[in-house]
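In the two complexes below, subunit A is the common chain; its partner is subunit B in one and subunit C in the other.
Up next, the complex of A and B:
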């Protein structure tokens, strides 16, 4: 039962704190900090469904976020849709596309799959950069009219913030739900030994395609929301390869395969990155530090922070999933 | 005896090597059918063809009256045909219990997590791994991993179980326990098709034995006749001690 799992309540608490802190006292700077943490958690926890649960490394996960942003902004600016239906439609459209990609590239295993995900990212970026309706390499801008139905920009930004917090909570709930389900068990079996899983009766082709598609949905919704908030999108910011890699660092740092690990790693790394990027002396080095961090984690704590906790306190496994 | 499994003219070629060549046989309901042959004879490959890991180059496989030729292993296990691996393949990062729950969840009865848990506990009890349920599958001894292979396959609630050298690497006590288990499986209504190099065991357990050599079926008969078969003795000529064991088992 979901309600008996401590993490279920912790996720709700986290979302409530995120929603309340900046709103109380109207702290816009804090809101902007927390929105980045929330997006990092959304991307990392969905990436965890592929890497941590299924054992397939996706280097191009950011493609879902960027494409979601494009579909969302296109519907809002060109088709004048409201934010919420636009974001949901972006999620559905990108998931369907992911299902098609997935059925193609998920025949590959290991390093070949990982390379193919880079190919998907490159191909989508190249396509979008030349796609007339989406503004080619200049991208799209959110016009002022888009804010009007939401009561002006100020309200629109707060609404977007709360929606992103909601998507963050949903992402973590999704991971939590899958974790103890039969579907999740099939994914774990694939991660441990795909051929053995198939002999035991797991329809690996179907399971992999479904989880690849599912892991695209909420990041795409978040992309639509975030790029609306930012007011613009173009191919270089939508498909930032570094963000994809940093997602993997966050996941390894927190502990792949665990719900709490993906959130913890995303939160810690995002705060560290913001600090480094705003520090005049260290900003040029943030990727060096990310790389060093990844090496340290892999060497010293292959299970990440949560894996380390499990070793210190074995019983924590039951509580911190 | 009605036939559970009918294999007709299946073959498998790996590059220049004909691993299985035009093999046909039947397996009856409630039967224990042995499969023997020298190393590299194509026994494991034959299993891989029957449960769909490899696609046969020719021929047909019929299980419970359904043509299963070309079906994938996950579809085959849903119909009630489960197997173990000669080289054990535990899901190492998971517990022993979880491994068996996977077998139950995705087996013939497509059980829910709750049902699968009950099934898994019952099966673990049966194979003698109940006390290891919560340890990591990685931590089991070889004998433990072989039992886990059997437990996972049994949890699928199969009608037919393929056992690939489940006795290899076990000590005499463990062999005795495994043989008792195999007999109890058959008495529970599950037919068994088993590959084994431990001659004493296969001669005593099997109702009939199929002998493969260089991919071809060279004999199919009750144990007493197989050991007298000139072709079989010749196939094992390179392995004189096995010929002795064949005779000794008589």
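Up next, the complex of A and C:
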């Protein structure tokens, strides 16, 4: 079923291009640019499962990324685990925690839910800031020796990059798979009218808790990988509220509720910010220009870029989901 | 024959001129936007003034060549995820020969993962946290005195004045202040002080009433702690407002700013640990005197230099000294010169640890203590009160 959908092959192609481009010619600077794009896509496409598919605005989505980073780094630095099992364990642990949180806060709706997600972010940050085993506010640092089993930092960072690209592809596949599944239909029903969905037999609380938990898994894995690459973690960089907001902006820009929209929005936004930051002429005004462009896009294309494409070429819906 | 010698002469002129035209590229990020903006910009001004001074004097002279200094610098948005992207870019695309650190310990730790794997020398300034230098890095060199010293020095000054004081620690629950207070508390107990109260407050706290009530109840006579500008100034104002009978207050970072004088009477007597103060009287073996640096800085930026600016300028000086000693810009030779550096500039002494487990950690530079005092005209001024050898005034104790 998946194999017949063009977007499935486009995702594979995107991942292959991301993996091949920097490796071919050993272009590390390009790798560093693309890894930020890949992380933006991971965060946005998983956020899309909550906002775009289920209609629940999650302002605290970054908490999964940060917690994943903490669990992963703890396992790697204190327990001396290898990167891959540590990242996977981080994903599972954060998902289970999200399921527990979700069963509690997903009984709330609309603005109340949105506020509760900010509460979760604040509460987790406060807990981590006081948790002795995770270094409290000073955080945890990766020793340079941690890179040795992977053949030194150069190899370790390439490995991290390929893993991130894999997680990016999985994130998009996950969105694509859920979109046409019975479970996905249940989520869309909740988004359109939750009471009607319940009357029709959708177990809304359970569905929402499951998707909340599922949307936590891959961001947590990405968090473990990225903070390993980063070399350190502390509460201020792990739970940056601004990153949560940026995720929502990227989703709006690309088009919420669509798989391609989340990737497109994340990719464009991240590249635009990077370009403006390093452009000799525009760097002094990068925030002003980014802000103005976003305003324009949202004003002219309220359904995001994919929504605009659907209006322009209605048949594109069949290909670009 | 004549023509050949003329051509040879012109060619040699060309090569000599070419020698003069050599440049070295220094890469670093500046937090032009985001929460670290103010301090990072001060640090940048230090780099910039050093570059302009060096270039005006014809560049760095080493091994018979002159090297003009140019910068490759970007805005890191005070954001750690940008730092690795930009440091990689500076090393690989801008071909930076040497690097300076971003501002703050966490951004520096993140940048060091990149600089270390390319074996590039990075002088770190604005990064006092020690952990980064104990992770096996071989190319990092710390310009700031380590974070552990910030409040231990204040405790030394207190010990000399009042060994029976009772101490309270009230500090921001953030990376830097926790790294400072944890060893300071242990040191206080080691010196025999009675630590009667310890509390960390959340960053962005604006109401300290509950904490202040606890400080009063604890009967502490000395309060040490703070964090950054906003919380530190609010804490000082509210301590004054509640008329807490404290004999000594020492807060991190905030009282170093010239803005501190705007607190009026609440500012009086507050002590700040500082990496450098304009009144410091170090006899410079190399580079300008403190007075000359202060004058040049104020003329260019119309504001007095802070210790971040002094740290920035001194990083440039120390790198320049090492390049001159190494006779060129070869990384291994310059690293060797930095390893054996032991010089005093206007900023104080600079010496890096060469012990493998803490390579690059600053072991020569020491923290000075400054206290806000009223001069004869009743104007608030910052005076250096510690170390005693470099003091510009005596410690006022008790404050009131």
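Basically, the second predicted complex is superposed on the first by the 297 of 321 C-alpha atoms of A that agree within 3 Å, B and C clash if a C-alpha of one lies under 4 Å from a C-alpha of the other, contacts with A are read in each partner's own complex, and residues count from 1 in each chain.
We adopt the following convention: contacts are C-beta pairs under 8 Å (C-beta built on N, C-alpha and C of every residue); 3 or more make two chains touch, one makes a residue touch a chain.
Note that the structure is a prediction, hence the values are computed from the model and not measured.
Visitor: In the superposed arrangement, does A:145 touch subunit B (first), subunit C (second), both or neither?
Guide: A:145: touches subunit C, not subunit B.
Visitor: Which partner does A:191 contact after superposing on A: first (subunit B), second (subunit C), both, neither?
Guide: In the superposition, A:191 contacts subunit B only.
Visitor: If you stack the two complexes on chain A, which partner ends up touching A:80: first (subunit B), second (subunit C), both, or neither?
Guide: neither
Visitor: Have a look at where A:182 lands relative to subunit B and subunit C in the superposition and call it first, second, both or neither.
Guide: first
Visitor: Does subunit A have more residues touched by subunit B or by subunit C?
Guide: Counting contacted residues of subunit A, the larger count belongs to C.
Visitor: Tell me which partner A:32 touches in the superposition: subunit B (first), subunit C (second), both or neither.
Guide: The answer is second: A:32 touches subunit C but not subunit B.
Visitor: Contacts for A:200 in the overlay, against subunit B (first) and subunit C (second): which applies, first, second, both or neither?
Guide: In the superposition, A:200 contacts subunit B only.
Visitor: In the superposed arrangement, which partner chain does A:277 touch: subunit B (first), subunit C (second), both, or neither?
Guide: In the superposition, A:277 touches subunit C alone.
Visitor: Where on subunit A do the contacts from subunit B and from subunit C line up?
Guide: In subunit A, nothing is touched by subunit B and also by subunit C.
Visitor: Which subunit A residues qualify as touching subunit C in the complex?
Guide: By the definition above, subunit A touches subunit C via 28-29, 32-33, 35-36, 39, 126, 129-130, 136-139, 141-145, 152-154, 157, 226, 229-232, 234, 236-237, 240, 274, 277-278, 283, 286-287.
Visitor: Under the stated contact criterion, what part of subunit A meets subunit B in this complex?
Guide: 180-182, 185-186, 188-189, 191-193, 195-204
Visitor: Quick check on the complex: what are the subunit C residues that touch subunit A?
Guide: 33, 74-75, 77, 79-82, 84-86, 88-89, 92-93, 106, 109-110, 112-113, 116-117, 129, 131-132, 135-137, 173-175, 177-179, 200, 202-203
Visitor: What part of subunit B is in contact with subunit A in the complex they form?
Guide: Touching subunit A from subunit B are residues 51, 53, 72-74, 77-78, 83, 85, 89-94, 98, 101-103, 105-107, 112-113, 116, 152, 156.
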